[in-house]
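What follows is a pair of complexes built around chain A, which joins chain B in one and chain C in the other.
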Partner chain A sequence: MTAFAVPSNLAVSENGFLFVPTSGETFTLNKLGISIFKLMQKGADTEEIIDALLEEYDIDKTTLEKDFTDFVNQLKHHNLIEEK
Partner chain B sequence: MEKKIYEKPAITKHHSGFMNKFGSSPVTTPKSEVDGVSVNAIADQYGSPVFVLSERRIRENFRNTLRTFKTRYPKVQYAWSYKTNYLNAVCSIFHQEGSWAEVVSEFEYDRARKLGIPGKYIIFNGPDKSEQALLKAIEDGAKIHVDHFDELYKIIELSEKTEKKPQLAIRVNMDTGIYPKWDRFGFNYENGEAMEALRRIVMQPTLKLIGLHTHIGTYMMSAEAYRIAARKMVVLANELFTKYETKLDYIDMGGGFPSNNTLKGQYLQAEQVLPTIEDFADAVTSELFRISYHGSDMPTLILESGRSLIDDAGFLISTIIANKRLSDGKKATIMDGGVNILFTSFWYKHKISPAQPTGLSTENSTIYGPLCMNIDVLREDIVLPNLKVGDRVVIHHVGAYNMTQWMQFITLRPNIVMVMEDGTTELIRESEDLEYIMSREKLPAKLSEFKL
Partner chain C sequence: MKVAVTGLNNIDSPGPGVPVIRGLKDSGKFDGTIIGLVYDSLEPGMYMDNVSDRNYLIPYPSSGLEELYSRIEYVNEKEGIDVLIPTLDSELYSFTKLAPRLAEIGIKTFLPTTENLNMRAKDKLFDFCQAHDIKAPKNILASSVQDLYKISSEFNYPVAVKGIFYDAYICNNFDEAKTAFHKISHKWGLPIIIQEFIKGEEYNICALGDGTGETIGAVAMKKLYITDNGKGWAGISLKDDPLMKLSDKIISALKWKSGTELEFVKEKSSNQYYLLEINPRFPAWVYLSVAAGQNLPYALLELAQGKKVEKFENYEVGKIFIRYSWDLITDVSKFEEIAVKGELVNKPE
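On to the complex of A and B.
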């Protein structure tokens, strides 16, 4: 399964503030966004992330997969992650 | 262990220098009911998309507007603008409230007659009145508002053959300081055509001049323009009185009052920039009192506003078909109500609300309709909460024009439902089906067979 490379200089705060030191850009992540980003930093792959979230949240797998794919695309769009 | 409430993962990029102090906050408050009837229940029963009209709101709008004018001027009469929404149920509400009918074609004229409106309560406007339509209107005693000299001479010709005297007013166009000037309808005030037309009618013994009509524009954002228009109408009326001792039964100031929809390209929200109905009423009535008749002979003020009376009584319930990303990362949402049934989305930034509670995170999106056509865009930019496939939304302020100006294109036109004052719902126009559309077509015999 796909894992993600998160640049080591990126950190996300408890309330979801994300700062990119190289460009000066800043972002806000919502709660689920923070959880996913942190799991990615730990090296979790797509399947592990989906499984962990299904365990924790009241949501069906199809919706979660769609939303996850959309979220990953946005992170890639902003050059915040790369797929390994 | 109980699971946590889910909200779609989201990331928002921060922008500096883009703050808009006039901007409204994104719409996350759900619109879950219309006059107490659940939006989801309506869509479950009548399908999606579905238009919903509120009987209560129509009556309230009408009564409020009429009261606003009646407290300023003694004689006020409303005529419902059929083209704004000529569904029988809608017209009947206005007629129950005392409105006459204002029609602009033979088709609309026949609709009003079929609904039981006597000719004398029909105002017949518009540039295209056939000889057949004019004869009908003369016979019924309808109020015919003449648009051009060719029509006037046609009526003079007809009046010499008919027993009944045509009841005439002329439509006057004028410079009221606004752009664009609506000079394509009626006779111009400044160049003297209007007075010339009036003189011609007064001099013709087979005609009866009963009124003056103007309609200075649509979605008018200035009350001052109405003041100027009313002043010019009074000048004409006074001139008729002094020169020909002719008194008018009425002065028809038309319509054109805006609704609370924000126009495309309009920076501020509609509510922040539009004059109130009181402003319009003040402007019109204060000028009418300058007429040089004696008290009880004052002409009746006729009004024909449509949009401002019904726009906010109409809603379109629509369902999310899909979400996707455009090439630049922007979110796009496709819903099942498109520009084919929402003509006004070409010029309004319609407000769209979710029909159910949503999460707090929002995102700027483009809203597309279901048509496989590039033009099918309901909103180019709107900040909405995340909506899932199957979620319903409510599009606001769609009561004016959409249900008459819509087109049958690619898909069929949907049901129209009215929420009645007692909280029940009534189907007032059934959705079209394939049979209904095909029944008008004829297939030439030689084209009826083919082999692939």
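On to the complex of A and C.
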């Protein structure tokens, strides 16, 4: 299963605010985004993240997997993560 | 200690004078007098509280060196200026040429040489970059509208059309380039620089070189809010090591002596930095460097006095500046003082 490398200088606040110190870019993550990003920072892989979110949120697995893939693509597009 | 500063034009495209003075005062070590040197009776900085103590109108650079020197000599006789900090692009050639004569009458400066100014001029920048293996957009120097026909054979639209000192327009076709050419040449003269447009995010660095090739300090910033005429109205400090190394390399190659603003664009497709401009003075956002932990204006003042200045090693990222406009109310008598006598005293000696 895919794991993710998050640059060590990136941190997300409790409000979901993310500041990239090397580019000055800022992003706002929603509640689900915060949960995913924090799990990625802890080194969780795709399966562990999906399992954790299914426990935390009332959502079916198919919808969650689709949303997760979309979110990962956005993070990669903005160079916020790399797939290990 | 009396320090004369120009660029008190805190208008929609602000001069760096007020933030430079703010930096000096914020150092906690400056206990001197600020002499404002202004080109216009309505430069806001001289009407602001706690900025300049006394102000003098000086002639525009186009009036010639002798007229400028004679006015500075007069101000010096009245005030006894220790250090003069010019902050505007258009006056730097004059002050650089006058620097030895100013030194003779006791006025210290910390300025680049004329040769240095020429090396980084907009019409020479591409050659400088090629000589030092620095990426820069290609350019064409246009002295007439005929030269604009070269654009389509050299590179694609859009292009940036720039004046030799000020003004820049992004043009998407020949007609727009022609309009920009006329607008800029009418105001700032020739040549006009036509620069290849590199798609990406812009990053700026405010830095201070000591003249031996060393960077005393450098702070990077990304504009967060840009006005209709392209001026940064808010920005955030950031730090990207490749960008900072590139800045050091440029200052070292030029042996830059003074404040500077380096403008880059990070090309979206390659993630490479391209150097767009080297401005020969501090930017109007220089106070962000002070807020981030590098008081570059005060360091320049110390260097001008021949003091040894330690290199700044770090600064805080995530500091934001946001400009605002404010209707300052003053009395006509103040305007009268500067308009009629050419002098405005905020704080008598």
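The rule is simple: the second predicted complex is superposed on the first by the 84 of 84 C-alpha atoms of A that agree within 3 Å, B and C clash if a C-alpha of one lies under 4 Å from a C-alpha of the other, contacts with A are read in each partner's own complex, and residues count from 1 in each chain.
By definition in this document, a contact is a pair of C-beta atoms (placed from the backbone, for glycine too) under 8 Å apart; a residue touches a chain by one contact, two chains touch by 3 or more.
None of these values were measured; they are calculated from a predicted model.
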For this session: Please indicate which partner A:74 is in contact with in the superposed arrangement: first for chain B, second for chain C, both, or neither.
Result: first
For this session: Give one of first, second, both or neither to describe whether A:23 is in contact with chain B, with chain C, with both, or with none.
Result: second
For this session: Would you check which partner chain A:31 touches, where first means chain B only, second means chain C only, and both and neither mean what they say?
Result: first
For this session: Answer with first, second, both or neither: which of chain B and chain C does A:57 touch in the superposed model?
Result: first
For this session: Between chain B and chain C, point out the one touching more chain A residues.
Result: B
Exercise. Where on chain A do the contacts with chain B and the contacts with chain C coincide?
Worked result: 25-26
Problem set entry | List of chain C residues in touch with chain A within their complex | 201, 203, 221-222, 224, 235-241, 266, 317-318
Seminar exercise, completed: In the complex, the residues of chain A that touch chain C are 19-26
Problem set entry | Residues on chain B engaged by chain A in the complex (per definition of touch) | 3-14, 323, 325, 329, 359-361, 388
Seminar exercise, completed: Per the touch rule, the chain A residues reaching chain B in their complex are 18, 25-33, 35-36, 56-59, 63-64, 66-68, 70-71, 73-75, 77-78, 80
